[in-house]
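Submitted below is the structure of interest, expressed as structure tokens.
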Amino acid sequence: MTNESLKPKPGLKKKFYRVIFLADTHAGKFFDTMLLLAILTSVAIVMMESVQELEVKYHQVLHILEWVFTVLFTIEYIFRVWCSPRPQKYMLSFYGIIDLLCIVPTYLEFLLGGAHYLITIRILRLLRIFRIFKLVPFLHEGKQLTLALQRSRRKIAVFFFFILLLTIVLGSIMYVIETGHNSGFTSIPVSIYWAVVTLTTVGYGDIAPVTPLGQAFSAIIMIMGYAIIAVPTGIVTVEMSRIRAGASVAVRNCPNCHKDTFDDDAEYCKYCGHHL
Amino acid sequence: MTNESLKPKPGLKKKFYRVIFLADTHAGKFFDTMLLLAILTSVAIVMMESVQELEVKYHQVLHILEWVFTVLFTIEYIFRVWCSPRPQKYMLSFYGIIDLLCIVPTYLEFLLGGAHYLITIRILRLLRIFRIFKLVPFLHEGKQLTLALQRSRRKIAVFFFFILLLTIVLGSIMYVIETGHNSGFTSIPVSIYWAVVTLTTVGYGDIAPVTPLGQAFSAIIMIMGYAIIAVPTGIVTVEMSRIRAGASVAVRNCPNCHKDTFDDDAEYCKYCGHHL
Amino acid sequence: MTNESLKPKPGLKKKFYRVIFLADTHAGKFFDTMLLLAILTSVAIVMMESVQELEVKYHQVLHILEWVFTVLFTIEYIFRVWCSPRPQKYMLSFYGIIDLLCIVPTYLEFLLGGAHYLITIRILRLLRIFRIFKLVPFLHEGKQLTLALQRSRRKIAVFFFFILLLTIVLGSIMYVIETGHNSGFTSIPVSIYWAVVTLTTVGYGDIAPVTPLGQAFSAIIMIMGYAIIAVPTGIVTVEMSRIRAGASVAVRNCPNCHKDTFDDDAEYCKYCGHHL
Amino acid sequence: MTNESLKPKPGLKKKFYRVIFLADTHAGKFFDTMLLLAILTSVAIVMMESVQELEVKYHQVLHILEWVFTVLFTIEYIFRVWCSPRPQKYMLSFYGIIDLLCIVPTYLEFLLGGAHYLITIRILRLLRIFRIFKLVPFLHEGKQLTLALQRSRRKIAVFFFFILLLTIVLGSIMYVIETGHNSGFTSIPVSIYWAVVTLTTVGYGDIAPVTPLGQAFSAIIMIMGYAIIAVPTGIVTVEMSRIRAGASVAVRNCPNCHKDTFDDDAEYCKYCGHHL
């Protein structure tokens, strides 16, 4: 923790940067693996602390381990700040803030006393896993999935907006039908919650219609939900199918207009008419 | 509220029409945004009034706000009637009736006393949002979704008719199996409701089979529902895929080679390179 | 009911046959509409009889109406037998048996006393609706759906067989994990029922794991079910897509080898190489 | 059971091998059918033993039958070891171990007393069914399904990893929101279990949010789950569609025109008519 007060040669700083931020060296890969293990263990500890019986039984051990990991992550954070070329930019980046949020709660708990809200923030350490995986070439599949979701983004947004209005209207109607029958439809917001639970086919059963009219109306809602659930599936499937089909051809740029959405069987560019 | 008794120049009437009914001017866009906010706030108030604790605490405030919005919407309604070229046609149109339904309940409640049925009608104000969005060019995505559902309309109708018959038959069989075992299957209509809840995979659990035969039979129903849920998804996906692929414009033949699978954005025939 | 004892001219018999069995005349369509109404009303009566309160209140009316419809259906059955060209063939056909099953329970109830099992058989009257719709040209959509399901038949059978084995194995494992923890997993068959309820995402909640190990294992089962539910959807969507795409081309036979599965863009028969 | 002590001619050993391990003779098919029946019956017995009432009533019969089948399977196992060309390889193969696991529990129970854990292992006899079906040419459909799942393997793995992280984060947030409101969110692991139950739309209802904030947050999770459930369906549908379309043989180029979209059953290039 006093390393940064020494004046290291700039070469050392660069070396550390490469190990900590990149994964193209043996040391870098080893560092990432260790970090991954540390993250998973510390997340497991946070989880175990939330379980009454384990907390009572292993309080001492869990407490010590929590501090060990916090100190480790603090050292790591200081190193990251120290060896990054632009420390300020790192500290204000998404991962920089996550890194800080992952160590602060334990210190705050020590200073202010243990609000469990603070402690659970540490579960965000999980998000740090994504940084490690970002470096792995493995993520080609993930990119295809993300691309399919991204392309369907606007359609899904319109769909969600429609679902929102629909659940508000359906929830209100059910509130009018069921209110006063002791069936859990105590207010319009709660009825909207019920409408979401029903339309998405989750169906907890904590709130369920008891009047014949309410049951008939919910039956209609459910069958409607049947057709509605088909919509996002349709959207994503179509986009995924297009990505998969064009995966090999997307590279084929038109040599004339440089656009690149080709069909497999195209012989002429459909944008400029150039013979391919 | 006395504006309409004055004799305005026809130019003024046209100007108001453009602001209120269209969204192609700055004033029109501002009016729509304000209206949207007013609608959302008034719907939120209706919701809050239905929550016991909020109603008790903020009764006075909610009551006053409700009247403020009702008066505002009344003024808007009068203006719409006044400035529309054919007032009668507007008043009898879908949105004209909705606009009226959104203000009447508050007055009726004042005159007749508060039937909560009346109050909840005000949630229909939400439907007015659709009019505002109709004017926004954003809805291209929505059109594609609607088109896909519209084209699948007849297939989905046949499917729903089949589901209806199926749930009646399955519900009746389960009624015969489970009746008298205190498991909630108290009548055929209730058993049909259960069949819908099960086939759609909602599964509240308020009614669930308890006899071994009933459980075995429901297991078969559920696995059947597995294949059945695939049907609407299949229908919608296929239609969506065709729309996306541009099959909708299949009538556009290439005048040169007479082939006809065009994409929406094609400017040249992809088979012979002819400019369209 | 004594009509059949008279000796009618063969022309009359044919006329009756056309009205009752076909729908190509005005009288035939009128007869079908009346029959449809009679079926729906009589099914509604069976349902209402199963509801305690309605049964108590309207016992007399429901009882009389039931007999009216039974007598009507009996007359119809006698007419069908009488005017069909081969009475025996009709009586042993699927619809002939259904027609008989729809009237017998009421008579049996009168003779033997009211076993509710018998009464509910009358709900099968619903199946008679299908005969009426068979005659309607409307069913083109239904045929496409049926065709898609029929073509996926073997794949879905393999899938169901796999699901069956899977639920037996998963149910048995959960039985071992949860038995003795008072969580509803009282026997292997019940645990298999739970596995079906969970894999199909119905999730009643009448049986739910309570041990940490059981909950962890069910979480894995559910996420597995996520991928599994995709399989029948995929099967049906693919078949439906092929039917939709080939709906117009299926007629294009190869003039050389007479096989008919063509792709839209084929210029040569892929089986014999004949130029199309 | 003493057959193997006799010195049989090598021809006899080969003959037995063919009957037991293959299904290309009448005797082999008969043996497989008998084995299938024995497996199904013995699995049914294990299930029946787990049902309290049946176990009490038919204890004696079930016990005897269990021993009969165990002895039969033991004889079969000895024969399999004896007649396989490389006994050791068979004994260490997947099916060899399963075969052993299916008979050992009954003997262990006899020696050590009846731990029900041991008994349930016998349900694994079910896995032996797969060996029998492996020999049946019927499994073409199964191969297509397996292929579709296999090809989507990596995408589904990425998807599951994402779901895992998502449920941990969502579960932790819900734990913070709902803890202390007596709603079942007693620890982070339990909340993660809830998140899985909700995202997969199973929705038991044994744990359900009770606070307004918790209900609002779960509504968002459910609607999110709507889009997420679309992802595996999309993946599998696309792969299945490609397999069905024959894209799997895309490497087979036409030697004449070098185009490459072939169907499995194509004998001629569909673009230029060249014989393949």
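Labels for the chains are A, B, C and D, by order of writing; each one numbers its residues from 1.
Quick note on the criterion: a residue touches a chain if its C-beta (ideal position, glycine included) is under 8 Å from a C-beta of that chain, and two chains touch if they have at least 3 such contacts.
This structure is a prediction, so every number in the text was calculated from the model and none was measured.
If more than half of the interface residue numbers appear on both sides, call it same; otherwise different. Which is it for subunit A and subunit B?
different
Just curious, how far off is subunit D from subunit B if you go by their C-alpha centres, in Å?
43
Taking the mean of the CA coordinates per chain, how far is subunit A from subunit B in Å?
So the centre of subunit A lies 30 Å away from the centre of subunit B.
Let me have the rounded angstrom distance from the C-alpha centre of subunit C over to the C-alpha centre of subunit D, please.
Centre separation, subunit C to subunit D: 30 Å.
Send over the residues of subunit C in touch with two or more other chains.
Answer for subunit C, listing residues that touch two or more other chains: 189, 192, 201-205, 229, 233, 235, 237, 241, 265.
Testing understanding: with touching defined as stated, what is the shape of the graph linking the protein chains, line, ring, star, complete or other?
Drawn as a graph, the chains make a fully connected set, so complete.
Going by the contact rule set out above, which residues of subunit A touch subunit D in the complex?
43, 46-47, 50-52, 116-117, 120, 123-124, 126-127, 129-130, 139, 141-142, 144-145, 148-149, 156, 160, 163, 167, 189-190, 192-193, 196-197, 200-206, 229, 232-233, 235-237, 239-241, 244, 264-265
Show me the residue ranges of subunit D that touch subunit B in the complex, using the header's touch definition.
201-205, 233, 237
So in the complex, the part of subunit C that touches subunit D is made up of which residues?
Of all residues in subunit C, those touching subunit D are 154-155, 157-159, 162, 165, 168-169, 172-173, 175-176, 179, 186-189, 192, 198, 201-205, 208, 212, 215-216, 218-219, 222-223, 225-227, 229-231, 233-235, 237-238, 241-242, 263, 265-275.
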